[in-house]
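For clarity, chains are labelled A, B and C in written order, and residue numbers in each chain start from 1.
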Amino acid sequence: MKFSQIIKNLNPLISDHSLNYNTYDPDLLGITPIEEAKSETISYIEGDKFANKVNDTVATALILPNNKKLQEDSTQRNIAWLSCQNPRLLFAQTIALFYQPFRPQPAIHPQAIIDPSVIIGREVYVGANVVIEKNVSLGDHTCIMPNVVIYPEVKIGKNTLLHSNCTIHERTQIGNNCVIHSGAAIGAEGFGFVPTPQGWYKMEQSGYVILEDGVEIGCNSAVDRPSVGTTRIGKNTKLDNLVHIAHSCQIGENCAMAAQVGLAGGVTVGNNVILAGQVGIANQAIIGDGAIASAKAGIHQNVAPGEVVSGYPAISHSLYLKAAAIYKRLPEMYQTIKKLTKLLD
Amino acid sequence: MKFSQIIKNLNPLISDHSLNYNTYDPDLLGITPIEEAKSETISYIEGDKFANKVNDTVATALILPNNKKLQEDSTQRNIAWLSCQNPRLLFAQTIALFYQPFRPQPAIHPQAIIDPSVIIGREVYVGANVVIEKNVSLGDHTCIMPNVVIYPEVKIGKNTLLHSNCTIHERTQIGNNCVIHSGAAIGAEGFGFVPTPQGWYKMEQSGYVILEDGVEIGCNSAVDRPSVGTTRIGKNTKLDNLVHIAHSCQIGENCAMAAQVGLAGGVTVGNNVILAGQVGIANQAIIGDGAIASAKAGIHQNVAPGEVVSGYPAISHSLYLKAAAIYKRLPEMYQTIKKLTKLLD
Amino acid sequence: MKFSQIIKNLNPLISDHSLNYNTYDPDLLGITPIEEAKSETISYIEGDKFANKVNDTVATALILPNNKKLQEDSTQRNIAWLSCQNPRLLFAQTIALFYQPFRPQPAIHPQAIIDPSVIIGREVYVGANVVIEKNVSLGDHTCIMPNVVIYPEVKIGKNTLLHSNCTIHERTQIGNNCVIHSGAAIGAEGFGFVPTPQGWYKMEQSGYVILEDGVEIGCNSAVDRPSVGTTRIGKNTKLDNLVHIAHSCQIGENCAMAAQVGLAGGVTVGNNVILAGQVGIANQAIIGDGAIASAKAGIHQNVAPGEVVSGYPAISHSLYLKAAAIYKRLPEMYQTIKKLTKLLD
């Protein structure tokens, strides 16, 4: 692809018309990470850490921050460059020009097993060994990869993608433009057992899961249905791999949860919340809009909107940083206190 | 369903004959969570948090705690109510009157692939694309959902349910009335590698997994087989999603482990133990009967019967609460010690 | 098997010719754990914890440490024994004499669905309901268990084993002698979303995953592909169950990662690194050769080669042990400081 072709494609995507670039026009064969950039590829200088790469990379083109110095250095080294306010977004948009993930042509594989009651939209793909039970509906342009199983009464919207070996349980509702990655289990029974003198009594889980439009669920993640009512994940919220969402959780829009996050039953999460890897949230906690939890935080209580929390038990991030720094000095503090006590005796 | 019909069904289940109720007899169409209760449904007032809902809910019937005030308030608002000593159990029993999970009629799907040596009990369901290898036996009323794979020499008891996309590895023994949820892997090779100057030497895992009667394993959980002997999970123990049980663990009866718990090799867990979410237990640790570990606890040593532990490393829960409260004051303590030291110099 | 036959088989495997044994020659039917050893089996005395078992076990033969006392006691009790410098390795080698895991004979199951473009080596097994997309190649002696799905352009080396229900995504490269356990997802899209005023913008993941020779990936683990470039796991590195490796991670050779470990994006791990269960490593951190992280460590910064770290945030293990010991005394320290302050006022 010509560099000028990239500019032509990206220009309409930059809403504030602030795309900058020089006028070299090399041919480009692909996109590469800056650490291993090759000739005839375009690469991305992310942040200060890689800034000096401008001076020795063999990349033929670069996506740069809005930084005059780097731009001049690139031009001087005969490197084509482009930049804008959000170079990471530019990087993402450029990748999409070179690469689209595997997506098969619409077709129903003859070895898919589909109940006659299933309603299938236009331009749908259903792969081999997919099993779809009674009264399921699949929206237009939906893509169900091989070996997926869909239990009865599930509704799936338009242009949604289910990767191989995932299981969608009864009555789950999945919106438009969702992606469910391999091995994920959506709508399985919540973990509900009532202690009795005779042991655990199983509470049937009569509720169901709702994934709103644009939700993405990572590989081998699990979103459970509740005993009554719904478990809901709001519009455009993205979950990474191996995440656990227990019964009855109500999660807002535009959140992101990194891998191995676990939410206990009935947790409420607002909009635009970010949970880093391995965060855990206890039963019934309420996390306000825009809150952020650092990796491995253990949240036992409500978190206010916009709050940043860390640690276990989670406290405000700024306090955590100070306390964690002093944690290392505990042995020394202990000795000092001992000395002081002796001195005063 | 008539309210009186619910009472009629539940009365024999309440072992101490202590079911209380008023005499309204409305028609009920379903069961709903109290936060979003609708007319013509029955709902559940759980604990004090929702007690005031009695005064404004539109639910037509309520399951209540044994609380005179709430009962009188309900009657006054023309709400049918019932209560007993264990209202949560009553709630669970009521759900089961309105809802039963999807369970297909007994049948062997023509696209299941079953070795001729497999022994199949009466009234068994085997779904599409299930693969069952040599010398497996399936007890009466067992239900194997689509796309499950069962390796050779596996024994499965009566009335056990395997959800889609789970894998049962060689020689696993699963008892009666068990549930294995989607994507779970039972009996795969334990993580056994011996360090040598030439690198890791793989230790073959010749043992097998035993799940006793009434065991439930959550979605995408893994229970590994050991190098020799068995990995055992005792009667009626329940595991949530994404739990890891390493080789040789010996787990007692009636335990509950929440999501993302991980047990290292050779851990022994007694009966009636409760492990909250993301708890980790180190190699060979012994957890006594009735012990409880709070969410995210990291257990490196034995835990005595009945002990409640928290924190990382795990200590007694009461001590943990105090230490965690003071953790936040570490910066302030550090400053005070500095001041005191200066003063005494 | 005769005991002398075991000796005969093991002798050539012990590189330093230091295999010791007595001359009893019983018949042995199997190998058992010492806690439940039976007559006519061989068992293994591991470390001091089980040393006194020599005096009461009913095992007919024992693998012992190089310990004269234990050897004499065994001989006196008419127990055949063998020992060498690395008895754990001896144990592993003995298991392999009695047991080999299930591995089907080479064959392509008629109900496997294989694109005509797929290149299949000699002596390959492809099980029922396996789906293999375009331009995949499978090396000689490869074994693909039932219900595996392989996306397009995947390359798999020789003698590699894929267990049931795992999914290998587009363009993944898997070396020779690898094992991918049930439910694992290799090469799925990395978790890449760029925040914009309109919400998350999906960054396509055009890179791919490389698993070098001898890599093992545990059940339901996930190794993601990056936006550009590769995610790489080096030769003979072993991952346990439910491990998450994010996009762009570069992992060295001969590492071991226990269950539920999570690596965020772009982490670099050297050779011979050991990560215990539930360890988390933050974005872009660099872990030096031979480093060790204790269970549940939360690593936010680089770790030097050979360093042992523990805790959250992770610090040097020796400091952690001291600080953790004093953590329990925080309430007492707090009171002492209060008293001292009062005294000085």
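Everything below uses one rule, namely that a residue touches a chain if its C-beta (ideal position, glycine included) is under 8 Å from a C-beta of that chain, and two chains touch if they have at least 3 such contacts.
Remember, it's a predicted structure, so these values are computed and weren't measured experimentally.
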Legend entry - Relative orientation of copies subunit A and subunit C, as a Cα rotation angle in degrees, nearest 5: 120
Legend entry - Copies subunit C and subunit B - interface residue numbers shared by over half, same or different: different
Legend entry - Centre-of-Cα separation between subunit C and subunit B, whole angstrom: 27
Inset, instruction - Would you give the residues of subunit C that are in contact with at least 2 other chains, written as numbers and ranges? - result: 111, 129, 147, 165, 183, 220, 242, 260, 278, 311-312, 327, 330, 333, 337, 340, 344
Inset, instruction - Could you please specify the touching residues of subunit C with respect to subunit B in the complex? - result: 31-33, 35-36, 43-44, 86, 88-89, 91-93, 95-96, 98-102, 109, 111, 127-129, 145-147, 163-165, 181-183, 214, 216, 218-220, 236, 238, 240-242, 253-254, 256, 258-260, 277-278, 295-296, 311-312, 324, 327-328, 330-331, 333-334, 337, 340-341, 344
Legend entry - Touching residues on subunit C, where the partner in the complex is subunit A: 111, 113, 129, 131, 133, 147, 149, 151-152, 165-167, 169-170, 183, 185, 188-189, 191-194, 196, 199-207, 220-222, 224, 226-229, 242, 244, 246, 248, 260, 262, 264, 278, 280, 282, 298, 300, 311-313, 315, 319, 322-323, 326-327, 329-330, 333, 336-337, 340, 343-344
